[in-house]
Structure formats: structure tokens, C-alpha cells
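Two complexes come next, and they have one chain in common, chain A, joined by chain B in the first and chain C in the second.
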Partner chain A sequence: MTKLLQWLFGVSLLGALWALVTFDLLDLSLPQTYREVAWPMPFYLLISFGCYSLATVGYRVATFNDCEEAAKELQEQIKEAKEDLRRKDTAEFSSCAGRRSLVECSATFEEICSLF
Partner chain B sequence: MFNTDATGVDQAAGMSLVVFSLVLFTYYSVWVIVLPFVDSDHFLHKYFLPREYSVILPGIAAVILLICIGAFTVVVMWKNRKPKKVD
Partner chain C sequence: MANAYSGDKYSVLLPTYNERENLPLIVWLLVKYFGESGFNYEIIVIDDGSPDGTLEVAEQLQKVYGEDKILLRPRAKKLGLGTAYIHGMKHASGNFIIIMDADLSHHPKFIPEFIQKQKEGDYDLVSGTRYRGNGGVYGWDLRRKLISRGANFLAQVLLRPGASDLTGSFRLYKKKVLESLVEQCVSKGYVFQMEMIVRARQLNYTIGEVPISFVDRVYGESKLGGNEIVSYAKGLLMLFATT
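Moving on to the complex of A and B:
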């Protein structure tokens, strides 16, 4: 709740400042250019936030890695687990210890399925 | 086993998103913050629409975006509700 109050306080402070400059509430006789810059500020902040979000998403898409080494390691582990199971001749799930980290990697579900 | 072509396309798509957002931010910054301080007969004014449009166009874009998000949400919820009714 305190975080919400903090945000509300900040937003209302900024809004008050914006109204002060845009509508010249205190008769500061600011130059006309200042007011011209000030009045689209909410839209400017919105556009800035949108651009930042878009750039972040784009950057993450561009630098998304495939964890090929981790996939190889897990395939080894799966092979070991399969051999282990064959030796024991049981269907114990405890041998599939690599499963949890396999999900963490970006290997697709079909790839996981094709290994079993 | 891994589709290595996708990484190239992903990289191109991601980088183009980054470049597009940077260009948009720069253009809008110049439009809103720099132009009021430039003389009205300067050549820079030829490359920008009148100042009212710096609010109208984002407003229209926001309305279209909200309509799209709303339509998407409605479609997804409607599709998810149908099998529930059958059960």
C-alpha cells in the first residue's frame, strides 16, 4: 500500500507542477514557449514509456539465446537416465532428474518428446 | 535439431523494433521539445505537422490500441468460455 501511496504522491506532484506551468496558475509570467512545451508533456511521457517498452522487448527478442550447450547436457542426462531405467527394468520417475532444468531451457516441447 | 534460421529472423525483428522506437522517440522529442524554441520561419518546421497533431495523433493511436486490446480480450475470453458451456 505504501508503494501505491508513493506513486500517487509522485504523480499528483508532477500533475500539479504540470498544471502550474501549463495554465500559469501563479501568474509567473513564463515565456509562451515554456507553456507550449509543457502542455503536451503527459503525451510525451506516455510516448517515451511506449518507446522504452518497445525497445526493451526488441532488445530481448534480439538477444534471446537458445542454450544449446544446456540442451546437449540435458540430452546426455536423459540418455543416462534411460540407460539407468533399462538396467533397473522399472519405470521409476526418480531417474528423470534432468526434467526440471530441461523445462528451464528454451528447448521446445517436441524436442523433449522426441527424446523419450 | 535447433532451428538456427529463427535466431537470424528474431535478431532482425528485435533490432528493427529497437531502431523504430529510437527513431520515433527522437522525432517526437524534436517535435515537442525543440520546435517551440525554433523560429517559425525556420526550414525545420517543414518536416513536422502543426503542433496540435503532436497530441491528436498519439490520442488516435491510443484509442485504436485500446480498441484492439479490448477486441483481443473479448475474442480470447469468448473462445475460452465456449467449451465451459459444453461441459
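Moving on to the complex of A and C:
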């Protein structure tokens, strides 16, 4: 069963139950209080769900981790990587004069890193 | 180096488009962390005809690190993520596949944690999550965080997927699991990654999670626009109605 069908089934079930109690469809002669409580239930449930959603999303946004250290660490490692690649690259290509080096390709990173 | 003898090999798929500057750095980091952990690995670069010469850089990296460690599987033009994975996997010699972004938003330091987690529960797939534990994001403003959490909440309510981060693309899969999933998934973009997790659940694959930090350095250039939000909503409704 797809999620859509699950939802439709669930909603129909609850809807039938609600209609049963609110409109006394089976002539069960339930006490008046049952009917009075049942009648606004769909509205209450929607509002409750709305509040729960806002609260949950709000809480999750507020507690969303900001990875400052991860960004700093990455910046450090980029520097380290470029140094290491510069060494490896020169060793590899000392005989290939015209070849663009790996590190030249990363040159604009200094610009990007300076924005951090 | 006990890890190298366990018989497991990890193939990292790196789809690239205009990553000339990032590619040497991500490869350096991968080599560093795999080297330290001792696990057997290979890196497969799938370049979609980048005009900035990413493939040229990849070839130079092959010379530095060896053709057994860096494999190139280029394509003529941008053809989408799903097909990139299929294409990359064809020549992957690992029994595990790691998918990640090549723009340094995903950090290879988490890969040994993914591997550890996978071994713990023999999980079919391990997903990096930004939303649990000490997972998180760097470089997002309030608006972006709100959209992210809101979209994720909606997906959780509608799909009840059993994973906290559906749109994340930093994951470890058993190779046969990824092969079977990619064949079935039809969506694009964010929705593709969501569909993979949802279908994995459908097929009763087990999913483990590892908190990761996501360092977004391109957010300033490519803000999340109305188009992407609309296509996300459409994708979500499609998954809701069909899975």
C-alpha cells in the first residue's frame, strides 16, 4: 500500500468514526457530551498538528548545528593539501615544462579562502 | 594494517562538473584518510565533459597517485547523477560504493566512520546525516535552514522513511544494493537521493546513520530558488503517491 493510500485509509477510518459519533448514524443514543466533544475534533486536531509542526521545525532550526570548526579545519587542510601537491607536482613534472601544474588550478582558492 | 586484509574494497564515485580547483583537494583528502585507516580503495572520477578542464586535472592526479587508485570514467556531457553512478559502477572493483560531492562540502574524514558503522550492523547502506547528533551545516543563513528543516519535516510526515536526512548525498552502499536501487529510481536532483532511501526501505534494506558536517561554500553563488522548491514538492508528492 502506498503512503497516499495509507493516509486515505486512515483519514476515512477516523472520518467515519467521527461522523458516527457526531451525527449518531447508528442510533446508538450516546450521551450528549460525547457528541459535543466529537464535533469540533477535526478542527482541534488540525490546529494541534499545525502547532506541533511549527514548534518542531522552530526547535530544529534553532538547534541546527553551525559547524564552525569543520570550516576552519577544512581551510587548514586545503593549505596543507596545496603544499603537499606542490611538492608532488614539481617532482612529477620537472621534465614537462609546458604542463600546467595542479596547484595553479587551485590558485583561485586563496581568493575563496580569504572570504572565510 | 589489519584493515587492508579484510577483503573489503571501497570505490568512491566522484561525479564532477567544473571541479578543476576542488578535485586535487578532495583527492588529497581521500588519499589521506584512506591511507591512515588502511582500507583498500579506489577513486572513480566521472566527469561530464567539464569545459574548465577538470578531466585534464584528473589525468595529472592519476600520474601522482597511480592508475589503480584514480580511475577515469568521463562522459561527453552532463547526463545526470543516476546514470553517472551506473556508469561509474560498471568498472568499480570494490564491493562497497561511496557516493559524495566533489566540491568539498563532504569531508572524507567521515568515511572511516561510515565504514565502522556499516561493519557494526552489516548495514546495506549508511547515510551521512546533517540533522542528528553533532551533524550540522556551515554557511547557511536562517532562511536556508528554515527551508531545509521545513522540507525535511514535510518529507518525514508524508513518507515516514526511517532516515533523518533524505536529501543528503554522502553515503556508503553495498555495491549490489546500489546497483538494484539505481535501476529503479527515476527522479532527478534532491528527489533522486530521497527516492533512493525510500526505495531502500521498501526493499527492506537496513540503513545506518552517521552525523556529518556539511560545509557549504557555494551557497552564496547559488541560492535555493523557487524552481528548486517547486520541483522538490512535486517529487515529494510523486514519492508519496507511488511508494
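The criterion applied here is as follows: the second predicted complex is superposed on the first by the 79 of 116 C-alpha atoms of A that agree within 3 Å, B and C clash if a C-alpha of one lies under 4 Å from a C-alpha of the other, contacts with A are read in each partner's own complex, and residues count from 1 in each chain.
Just so it is clear, a contact is a pair of C-beta atoms (placed from the backbone, for glycine too) under 8 Å apart; a residue touches a chain by one contact, two chains touch by 3 or more.
Because the structure is a prediction, the values reported are computed rather than measured.
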item: First, second, both or neither for A:61, with chain B first and chain C second; value: both
item: First, second, both or neither for A:51, with chain B first and chain C second; value: first
item: Partner chain(s) touched by A:11 [first = chain B, second = chain C, both, neither]; value: neither
item: Touched partner set for A:88, first chain B, second chain C, both or neither; value: second
item: Partner chain in contact with A:19 - chain B first, chain C second, else both or neither; value: neither
item: Touching partner for A:71 - first (chain B), second (chain C), both, neither; value: both
item: First, second, both or neither for A:33, with chain B first and chain C second; value: first
item: Contacts of A:43 with chain B and chain C, given as first, second, both or neither; value: first
item: Partner contacting more residues of chain A (chain B vs chain C); value: C
item: Shared chain A surface residues [contacts with chain B and with chain C]; value: 57, 60-61, 64, 66, 68, 71
item: Residues on chain B engaged by chain A in the complex (per definition of touch); value: 1-2, 7, 10-11, 13-18, 20-22, 24-25, 28-29, 32-33, 36-37, 51, 54-55, 58-59, 62
item: Chain A-touching residues of chain C, taken from the complex the two chains share; value: 20-21, 24-25, 28-29, 53, 56-57, 60-61, 63-64, 104, 107, 131, 134-140, 142, 145-146, 148-150, 153, 157-160, 213-215, 217, 239-243
item: Partner chain B, residues of chain A touching it in the complex; value: 33, 36-37, 40, 43-44, 46-48, 50-52, 54-55, 57-64, 66, 68, 71, 111
item: Touch list for chain A against partner chain C, complex; value: 2-4, 53, 56-57, 60-61, 64-68, 70-71, 74, 77-78, 81-82, 84-85, 88-89, 92, 99-100, 102-103, 105-106, 108-109, 112
